[in-house]
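Down below is the structure, laid out as structure tokens.
All chains are identified by letter, namely A, B, C, D and E, in their written order; residue positions are counted from 1 within each chain.
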Amino acid sequence: MTLGGVLVLLLGLPLLSLVIGIAPGDLVARLQEPFILQALRLSLLTSLASTVIVVAGGLPVAYVLATYDFRGKRAIEAFIDLPMVLPPTVAGLALLVAFGRTGLAGQALGVAGIALPFTTLAVVVAQAFIAAPFFVGAARAGFAGVDGSFLDAAATLRGAPGYVFFRVLVPLAAPSLIAGAAMSWARALGEFGATITFAGNMPGITQTMPLAVYLALQSDLEAAIALSVLLLAISFTVLLTIRLVPSRLAAVAAARARRPAG
Amino acid sequence: MTLGGVLVLLLGLPLLSLVIGIAPGDLVARLQEPFILQALRLSLLTSLASTVIVVAGGLPVAYVLATYDFRGKRAIEAFIDLPMVLPPTVAGLALLVAFGRTGLAGQALGVAGIALPFTTLAVVVAQAFIAAPFFVGAARAGFAGVDGSFLDAAATLRGAPGYVFFRVLVPLAAPSLIAGAAMSWARALGEFGATITFAGNMPGITQTMPLAVYLALQSDLEAAIALSVLLLAISFTVLLTIRLVPSRLAAVAAARARRPAG
Amino acid sequence: MLDVRLVKRRDAFALDVAFQAKGGSTTVVVGESGVGKTSVLRLLAGLDRLDDGHVSLGGERYADAAGGLHVPAWRREVGYVAQDYALFPHLSVYENVAFGLRAGGTPRHRIRPMVDDALGLVGIPELATRASHQLSGGQQQRVALARALVLSPRLLLLDEPLSSLDLQTRRVVRVELRGLLQRLPCVTVYVTHSPVEALVFGDQVVVLDGGRVAQAGSRDELLRYPRSPFVAELVGTNLFVGRAADPLTRPSATIRTPEGPVAIEASSGPGTVYLTVSPREITLYLAPPDGSAQNVFEGTVLELVPEPPGGERVRVVLGTRPILVAEVTREAVAALSLTEGMQVYASFKATGVQQYA
Amino acid sequence: MLDVRLVKRRDAFALDVAFQAKGGSTTVVVGESGVGKTSVLRLLAGLDRLDDGHVSLGGERYADAAGGLHVPAWRREVGYVAQDYALFPHLSVYENVAFGLRAGGTPRHRIRPMVDDALGLVGIPELATRASHQLSGGQQQRVALARALVLSPRLLLLDEPLSSLDLQTRRVVRVELRGLLQRLPCVTVYVTHSPVEALVFGDQVVVLDGGRVAQAGSRDELLRYPRSPFVAELVGTNLFVGRAADPLTRPSATIRTPEGPVAIEASSGPGTVYLTVSPREITLYLAPPDGSAQNVFEGTVLELVPEPPGGERVRVVLGTRPILVAEVTREAVAALSLTEGMQVYASFKATGVQQYA
Amino acid sequence: QSAGPAPSRLIVYAAASLTDAFRELGRMTEGSLPGLSVQFNFAGSQQLALQLEQGAPADVFASADQRWMDRATEQDLVAGEPAVFTRNRLVAIVPSTNPARIGKLQDLARRGTKLIVAAEAVPAGKYSREALQKLADAPGFPSQYDRRVLANVVSQEENVKAVVAKVQLGEADAGVVYRSDVTPAVSRYVRVFEIPDPYNVIASYPIAVLKGARNAGTARIFVALVSSDAGQRVLQRHGLMPATTAAAAAVPAAVQP
């Protein structure tokens, strides 16, 4: 218990310290600054876009991982988790090496006339790279948690696999999917190292909130802290929503799924 | 399915790009360099220490979150997840503000003659701060997954709460606990931003592998990539082990827990 | 020895049960799924808290809602065998049985002989070193029992101990368990949904329905004097509840029931009267029978169930009000060409009615 | 119409079952927990793959292990009502029933009348707008049935459809379901562990034991001619399997069984002979009976079970070899002072034995 | 492409330490060329070099360090000769609370002083070490001054701004940073100790128009503005020193004569 308290202090004090000493009015004032607004808008836009990509791509990956067993599955799972443990700058470097002009995929893209780095799209790619494991992990657990009897029932009711996926599996795994999506959204929102390395730091194009924090840090520590608190507030709101919404949904789903005692 | 492939490529290509072009011999040669060895040793030491702290502190926190329902529980959960979404530099800043010489807790520590920043202990604290949510999340799910009937049985067998925790709950949640511990270990191993901000960068004292990688990046790109691959290989090994060991353990536990069809 | 009143309120469910039991006796709590049987045991074990009432064992008070007293489970001298046995999967059979002794601080050197004794008592001394997943259902049940008994509980709680065993094993274990319970000095509360087990195990039977006691008594009392539709269904007879019409007449009397008057031989007195009619006392007709039979009910045949062994007799469930069950011979079914959905008249004589207050 | 051989091998379990069934008929597959009942249904529905054998419905081949043919579940015209009903929790009753129609591409304007019809058929037209968690067990069962029937399946599979209903609801639903199945033109395979349901529903009864068919036939056949210890136990009679000793003698013959010779009136011929003895034919003695009763078995009283209604008769389970069940009156129990563990002699007359090949 | 009408966008890759000054210069350029939008990519010089190598679409590169400009030149990314447009000098800073009671540069050698500098791989770190070496030979400084000071180093930061932040927060007793890092926002929290010119090391900031520039013309205008008197005044206001001569560009890390 004491140990637990130590951990809570370890987590709580730093976050509290950041928040203390920032006047709420200051936060609101910052929100008026056009360059902050721009960064905030870009952050919201790109994190949303990367979340959409992560969700769209993560759904089938999570589905396959939750459903099938095959050789090398564990390796793929470990592989998908790698971005989670890679120092983000290294992650950005890896992205640059892969999608840069001379990179493996970059050359192919270059032939097609697409240059990824230093575009808003690159921000999205960097965020997706970092955030994907969060969604895939949660979605995988969510899919695995859906009672197979519903899928079997759907199959015996003429439900082709694709139909069953969208009409039964996704709705029933919704709480986990929402939680995973929100979590990866928040992670994308906080992404810094991979973004600045891979996408650069161009206001309006690639300068997201964490990058703006970094620049503020160049001249004014307090401004940087104020911006961080802003980011923190947004993240906290998202995370709290993650916690509250799915538990509501889960409660509803549980109530719905309640069977007669048997 | 195509979308899933895109995601796998998105994750795979950058990692592959890093690894390609690095001669295995080169990696081995790097391992001889004393400053790399030093950083590696420090990384292993601190990540292990922070994992121990996270586990020791996380166990009771996860237990309380998994077991009890109380007002503000969701907020605490969201709170514990915050380090996961905070840009690590901001996290380091927050740690400085809290545990630094002039910080909330830092002043108290200072009275006790303890100065945290610029010490190896600070590295451990920074890693613990970032890695804790990973363990708490996994442990919480693990505890929640232990069938309450075992705990009830233990209680009716004269098992005081503490006895039950260590003799029943922890052994039965072992697969999740191990997975969570290994995950938070890997995350601590990769920690960069919070470490350098809070603990600084001093070879042999606070310079971990990711810091060495970053500094190598300042002067020698190839060296940085080689070091990254080294870090990647270690992370991958850990993550693969996480995936393989608990599934073995789980299989054993499942076999053990198998009941007569009823 | 055991004196309890257990009140527990949940969203859509309220439990309120009181009973006493003597040392060495077995009380069977029987009822359908969801009536609150497991809730009763959990409250007795101290795994849940009472909303009202009390639990007293011997002189000792384990729980008293009024006084806010709640001795936690691990401080009660209670043995609890859960329906799923809940053997610790990470421990061997020996370690499972030793668990409670270790937790309670029994000196090391005394543990082995006590565990060996307990395993011997339940007849599986040779399984000590097995892992708990290497046991059949019946063996698991024995280990769970040994694990509880080794602590010499003063109150033994068994939750559907036989229900996860298959037919063959169940009969064997039932016989052994019955013998064992008769030898044990502790108070036993045995929960089941099986009427057979209630009748085999119960020195006292408490029938639960919707969280309340529908009827309680010895097994013979229940068999002979059902006092609720649930118990009547359980023991397979037809029940009417009514009031005698005053003044009492002989040789025939009429009891007013919600389903109409029932003629009986003689009424024993005023007040509530229970009437049972055995299914064999009921005769079926295709047309309304003439005068002599006083009690006639009309309805459709709901179901025909051949009775084992051999199907020589057939249970006929009738859609009368109330639903009546008749038992007739296969020949009678053939003679009347009884089929489901057919309109029939059921009749029984005043002399075929058993009555009690 | 339906012709199947289902072979499925698992770690510790092997299923090998073959049967045929006519259109409009109901085949009940009955057996204890774990014998493979659900496995049979899943193979028929196409939810699992055959290891060997085939599934043919009408002229159509749904699965053929030899040819590697496996029509997936969603392409079979099969309705499957799982034991837990598996109503989609995120859909209303209406949407649950409409699910299969939408999935199969039924034109929009035809869906509503079809759903309404199906809900009417199962008697719950008024529940269309309910959420599936707002239903009682019986109502859920009806929705699951409607959901399957609305697709007009050619094969209807029901997995213990009544087992999660309580006693009172179960009787009502049983009657309705029986009526409905009799009207439906499809082949129905009905899985249950309840002997009563097997006897009520089965035009044909397939008794499973350990993944194999222990006995199959009409319900009367089963009731009268049990051919395995399992079926005998199910129908509540005592069974001996043996061979007639040659030459055949009259008026008395002897059948050699693994448990010793059994004397009967006359043997019908050589070969395997099944003998049943009704529990009522068995008389109990405290001392070995003298000459006239030819069949005497010795053993202890394992269990005394009062029989409902009223407990006037008591089933006595005896630890003889084989285990015999006797049914005696309560007075007989009192007269012999029968208690569990007592040594007794059980005897039956040659005339009390039924025999068949 | 550069032959067409003046494009509306100029992209400048500049070292993060130039953030405030360049933003102002950007606005000035926009003022003089209506319709033009100057956009900056501020990051570490080495990150910028790496990005340019990977084909980043930039017109101008301003590095905080000669090395990364050299690398860009080697990679054949630079059009013409890079020019040093500004210079920076090192200062020592202590928190305004001055917990270690530093009164003069000599005090940095006092045992137990928590000093932080940039890592050697970072230009500021290299320069700091060079300056300390020079001070060791200066009158009034003890022998082995550089060693004793370096023995007090508790952290070698990857970024000179991190040095500023830690001193500002009072975590370190002293740090060595660029003069330009002591921005108005920072100056409230720190005290500055100048390092005398003879012993100081002056960092040169080279700037160059890039080969891949979409609008080399506008890029040259911007570079000219930076080097102009007006531009130099702006840089000075942000704590940077003027580049004395254009020729200085050829001299790496020139020592103040």
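In this section, contacts are C-beta pairs under 8 Å (C-beta built on N, C-alpha and C of every residue); 3 or more make two chains touch, one makes a residue touch a chain.
Remember, predicted model here, so these are calculated numbers, not experimental data.
The chains in contact with chain A and with chain C alike are B, D.
Summed over C-beta pairs in contact, the chain pair with the top total is A-B.
Computed from the mean C-alpha positions, the centre of chain B lies at a distance of 54 Å from the centre of chain C. Distance between chain C and chain D, defined via averaged C-alpha coordinates, is recorded as 25 Å. Work out the mean CA point of chain A and of chain B, and you get 18 Å between them. If you average the Cα atoms of chain A and of chain E, the two centres end up 35 Å apart. Contact with two or more other chains is made by residues 33-34, 166 of chain D. Shared interface positions of chain B, i.e. residues touching 2 or more other chains, are given as 93, 97, 214, 217, 260, 262.
Residues of chain E found to touch two or more other chains are 50, 165, 169. Those residues of chain B whose C-beta lies close enough to touch chain E in the complex are 93, 96-97, 100-102, 117-118, 196-197, 199-203, 206-207, 211, 214-219, 221.
Of all the residues in chain E, the ones that touch chain B in their complex are 44, 46, 50, 99, 114, 116, 119, 121-122, 153-158, 162, 165-166, 169-172.
The touching residues of chain A, when paired with chain B in their complex, are 1, 3-4, 6-18, 20, 53-54, 56-61, 63-64, 74-91, 93-95, 97-99, 103-105, 125, 128-129, 132, 136, 183, 186-187, 189-193, 210, 213-214, 217, 224-225, 228, 231-232, 235-236, 238-240, 242-244, 247. Of all residues in chain C, only 42, 45-47, 72-76, 78-80, 82, 84-90, 99-100, 103-104, 131-133, 136-137, 140, 147-148, 151, 163-165 touch chain B in the complex they form. Across the complex, chain C is touched by residues 147, 149-150, 152-161, 163-164, 167-168, 171-172, 253, 255-260, 262 of chain B.
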